[in-house]
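In what follows, subunit A forms one complex with subunit B and a second complex with subunit C.
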Partner chain A sequence: MVKMTDLPTKGGFSFDLCTRNQMLLDKGVQMPPFRKTGTTIVGLVFQDGVVLGADTRATEGPIVADKNCEKIHFMAPNIYCCGAGTAADTEAVTDMVSSQLQLHRYATGRESRVVTALTLLKSHLFSYQGHVSAALVLGGVDVTGPHLHTVYPHGSTDTLPFATMGSGSLAAMSVFESKYREGLTREEGIELVAEAICAGIFNDLGSGSNVDVCVITKGQTEYLRNYQLPNPRTYISSKGYSFVKGQTAVVVTKLVHVEAIFQLRVDEWQYRINWGLVQCLC
Partner chain B sequence: MALRGDWMYENNGGTCVAIAGIDYCVVAADTRLSVGYNILTRDHSKICSLTDKCVLASSGFQGDIRALHKNLAARHLLYQHQHNKQMSCPAMGQLLSNTLYYKRFFPYYAFNVLGGLDNEGKGCVFTYDAVGSYERVGYSAQGSGSTLIMPVLDNQLKSPSPLLLPARDAVTPLSETEAVDLVKDVFASATERDIYTGDKLEIVVINASGIKREYLELRKD
Partner chain C sequence: MELQRSMVDGSVSMKDSAKSEISSERTLYPYVTGTSIIGIKYKDGVILASDTAGSYGSTLRYKSVERIKQVGDHTLIGASGEISDFQEIMRYLDELILYDKMWDDGNSLGPKEVHNYLNRIMYNRRNKFNPLWNSLVLGGVKKGQKYLGTVNMIGTHYEDDHLATGFGNHLARPILRSEWREDLTFEEAVKLIEKCLLVLLYRDRSSINKFQIARITDEGTTIYPPYALKTFWGFSHFQNPSKGAAGTW
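Now for the complex of A and B:
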């Protein structure tokens, strides 16, 4: 008789460990914290395509884990995706869908469409019932025109002319709601995106460091990594630091004698051939 | 970000540092006031000058900190009326400890660092926990960036433990300018990695000629 555990998994979330996790939580065992990106990500549609923007700070609670991480992920040559939420989740889900899109391009012989990426992302996230904590701003230009979508961790999506996500989304959205209009030029679009990201960087503690921008138009994509660097370090000691021997106190010294062991491997086949030759000659 | 309906405290973030020198004391704190992921103001002083020779820097819940500073200032005024002189720094240190322990069962959410000159004119720094446990040391850091700053100070100032020497001799041999330079660099570094530290740094130097204030711009993100 086939046991339940022997059946192949059909995909979706496996709830096997949930009872055990709850038991551990009740006993007081803390789950290790995830690294969240505590982010500001934005996108807007302009005259000729879409502009995506993101800050570059990754936080682990109150500490900055990465001062210059990349939050604008590649999906296809004409489609890019900004990710907020748990860093591992956004990275994994965008990589996975990017691979799926490439395989689809090989199968169909056509440029990828934004709605394809959208459907793949939303069905994956829905099947994980929100446990994959990825909040995305997906943008690109395909044969049907420019598209901009937001994708939420539970799998819902919106189609919008301008969008913001992450902890700094309110600060960025305040800029968009004030200054967005239809038919922006490329320069105006980039400037507006940079301004929205800066609002997130300076007013939200979860966002910071630099501004990344990605401009996608028909036939061309420009990934402007570190488009603005508005946060240089304010002070560097001219004296510098020297770490001389003895500055850190040595408490205990222990010498361990290490012996090298040599292993000789006899080439067995060469030996047999040589012996065979000798036998023939004899 | 309130945990329960009856949670009466709030952490407004920030970092405080003090370093004691041979004849000076440096007390510094950033000026950012935050709540959760928001900044309430970029220009809020965490430093209170209690006497000509004694300065208190506190981080934590600013509501409690304001009340604590006001309490100490009032007590000092009473002392001046009764004794016809200002309180010395070690005396203020003891007063602060008693004030904090008085509220042992509903504490001031304040992490304090008291800096100044002792009766002999040497720099002294007292470091506290939330309920009044205190110790005289050569340097200290408190607040959200303290875990980032203390190891650097331990390495650079390396004052021997006050258990080995009398605490008043645990002062750094660095000059005043060198100590201020170290404080600026250490705060700039803490600002890079701690989201609650930044905006501006207020540096107060106490020496025989009085109290001097200086500011340094920090990262605003």
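Now for the complex of A and C:
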């Protein structure tokens, strides 16, 4: 009798690992968690509009993957969005909503409103039940005035006068809580945002490098890329590398006469070629 | 149920299971906890500050817990974490100071010595898997020398010009790092600390609006009575936030 185990394997999918995976889960082995990218992102409302700020470090676990990335994403000419969490998720979700807003602008013939972006973002994120790991600070100025919102990965939103998100949010929030007041001027707003981002950069390991700032007012948006560079490379030699003779200690010197051996080889080959010719001719 | 089963098995196994049930004499998790402590050096000495809350999990159980105490003539100690372990630490320290006084030789234990003693206790307990579940801040002045150090339940210890435990590390240290100076007067130092305490009040769920500040200088120690800080909730954006965006908070 032919047993089941004796039959040759047919083509198709192999589901061997499924039982193993289930066994591991039953034993309590957990899947590795998703990596959280460190970030400090902030936003505040000042007298004429909204100021957004972000650091520029993108991390892959303990490694800095990008020293100068852009975390303030374009949504509409009058709406910008800072993103913390998984970089791919923040990029994708802001790009998607930005396109949707543009189509909506063509359809309505009007400037986009911040609540539109907010509703599109929150309904998308909620439908993915928190698996799209995007924590956003959304700010802009539209016909109804300046608005600042935070959006969490599960889809909840807050409307706030000042907000921080990311791993450096506590450091930045400590600056805001102690120094924010109503009716800040544009310069004061930018200064406070830069100070909050710097607090995140210097006190949180997941944030670093430079400060990006975006100022949105009625009719005008200023994207100040690398507004502050508080972490310059200070030890660059202008000459580059130079290896002076005598800089490296000599431990052992061994002279090998290569020339002599090479000469022997050439003669040997000549001898072999000659002998080969003789052999052929014979 | 454990005991019932083993009674059927025999008297030997009853002893064993009883032992494992009753005698879990290791600290596994904290019960009544205090939140952050902040300590800074200033021109004349050291200031420690904390709130007076003792939380039982997520319940605010005790509202008048003194978490900053004097140790001898030259030291102040502030504790966060398990309150009962802090009381035990105070017993050890009071005994230490008593024996030192009994020598009556004109010498007294300074903050460095007390810190070292505490560090030994904490690290030893941690190695026996039975920690005193606290993060402590020690501040003191002896012969004009200011001292501010910290030690925690796993034995990590270090000194600095400004320190904090728990949430204070995330919320207060950034402010202190940018605004602390060597030559702060007492009033300026208290203002700086109040700034940090206010942020902690807003953003740490286990803190309350009842704070205590203690000061130590070469002249002596003063632990001030508890007081409250003024909070501000009147931002225009806090009024009716969902007006422009339905469904938001």
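Here, the second predicted complex is superposed on the first by the 199 of 282 C-alpha atoms of A that agree within 3 Å, B and C clash if a C-alpha of one lies under 4 Å from a C-alpha of the other, contacts with A are read in each partner's own complex, and residues count from 1 in each chain.
Going forward, contacts are C-beta pairs under 8 Å (C-beta built on N, C-alpha and C of every residue); 3 or more make two chains touch, one makes a residue touch a chain.
Bear in mind the structure is a predicted one, so any value in this text is a computation, not a measurement.
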{"item": "Touching partner for A:Ser174 - first (subunit B), second (subunit C), both, neither", "value": "second"}
{"item": "Subunit B versus subunit C as contact partner of A:Met165, first or second or both or neither", "value": "neither"}
{"item": "Which superposed partner A:Asn203 touches (first subunit B, second subunit C, both, neither)", "value": "both"}
{"item": "Partner chain(s) touched by A:Gln247 [first = subunit B, second = subunit C, both, neither]", "value": "first"}
{"item": "Contacts of A:Ile190 with subunit B and subunit C, given as first, second, both or neither", "value": "neither"}
{"item": "Which superposed partner A:Cys69 touches (first subunit B, second subunit C, both, neither)", "value": "neither"}
{"item": "Partner chain(s) touched by A:Val42 [first = subunit B, second = subunit C, both, neither]", "value": "neither"}
{"item": "Contacts of A:Glu182 with subunit B and subunit C, given as first, second, both or neither", "value": "second"}
{"item": "Which superposed partner A:Ala135 touches (first subunit B, second subunit C, both, neither)", "value": "neither"}
{"item": "Where subunit A meets both subunit C and subunit B, residue numbers", "value": "202-203"}
{"item": "List of subunit A residues in touch with subunit C within their complex", "value": "45, 114-115, 118-119, 122, 144-145, 147-149, 156-161, 170-171, 173-175, 177-178, 182, 195, 199, 202-203"}
{"item": "For the subunit A and subunit B complex, residues of the former touching the latter", "value": "38, 57, 59, 62-64, 67, 167, 201-209, 230-231, 233-239, 241, 243, 247-248"}
{"item": "Complex contacts: residues of subunit B adjacent to subunit A", "value": "13, 34, 36-39, 144, 148, 155-156, 158, 178, 181-182, 184-185, 187-188, 191-196, 216-221"}
{"item": "Interface residues, subunit C side, partner subunit A - complex", "value": "167, 170-175, 177-178, 195-196, 198-199, 202-203, 235-238, 241-242, 244-249"}
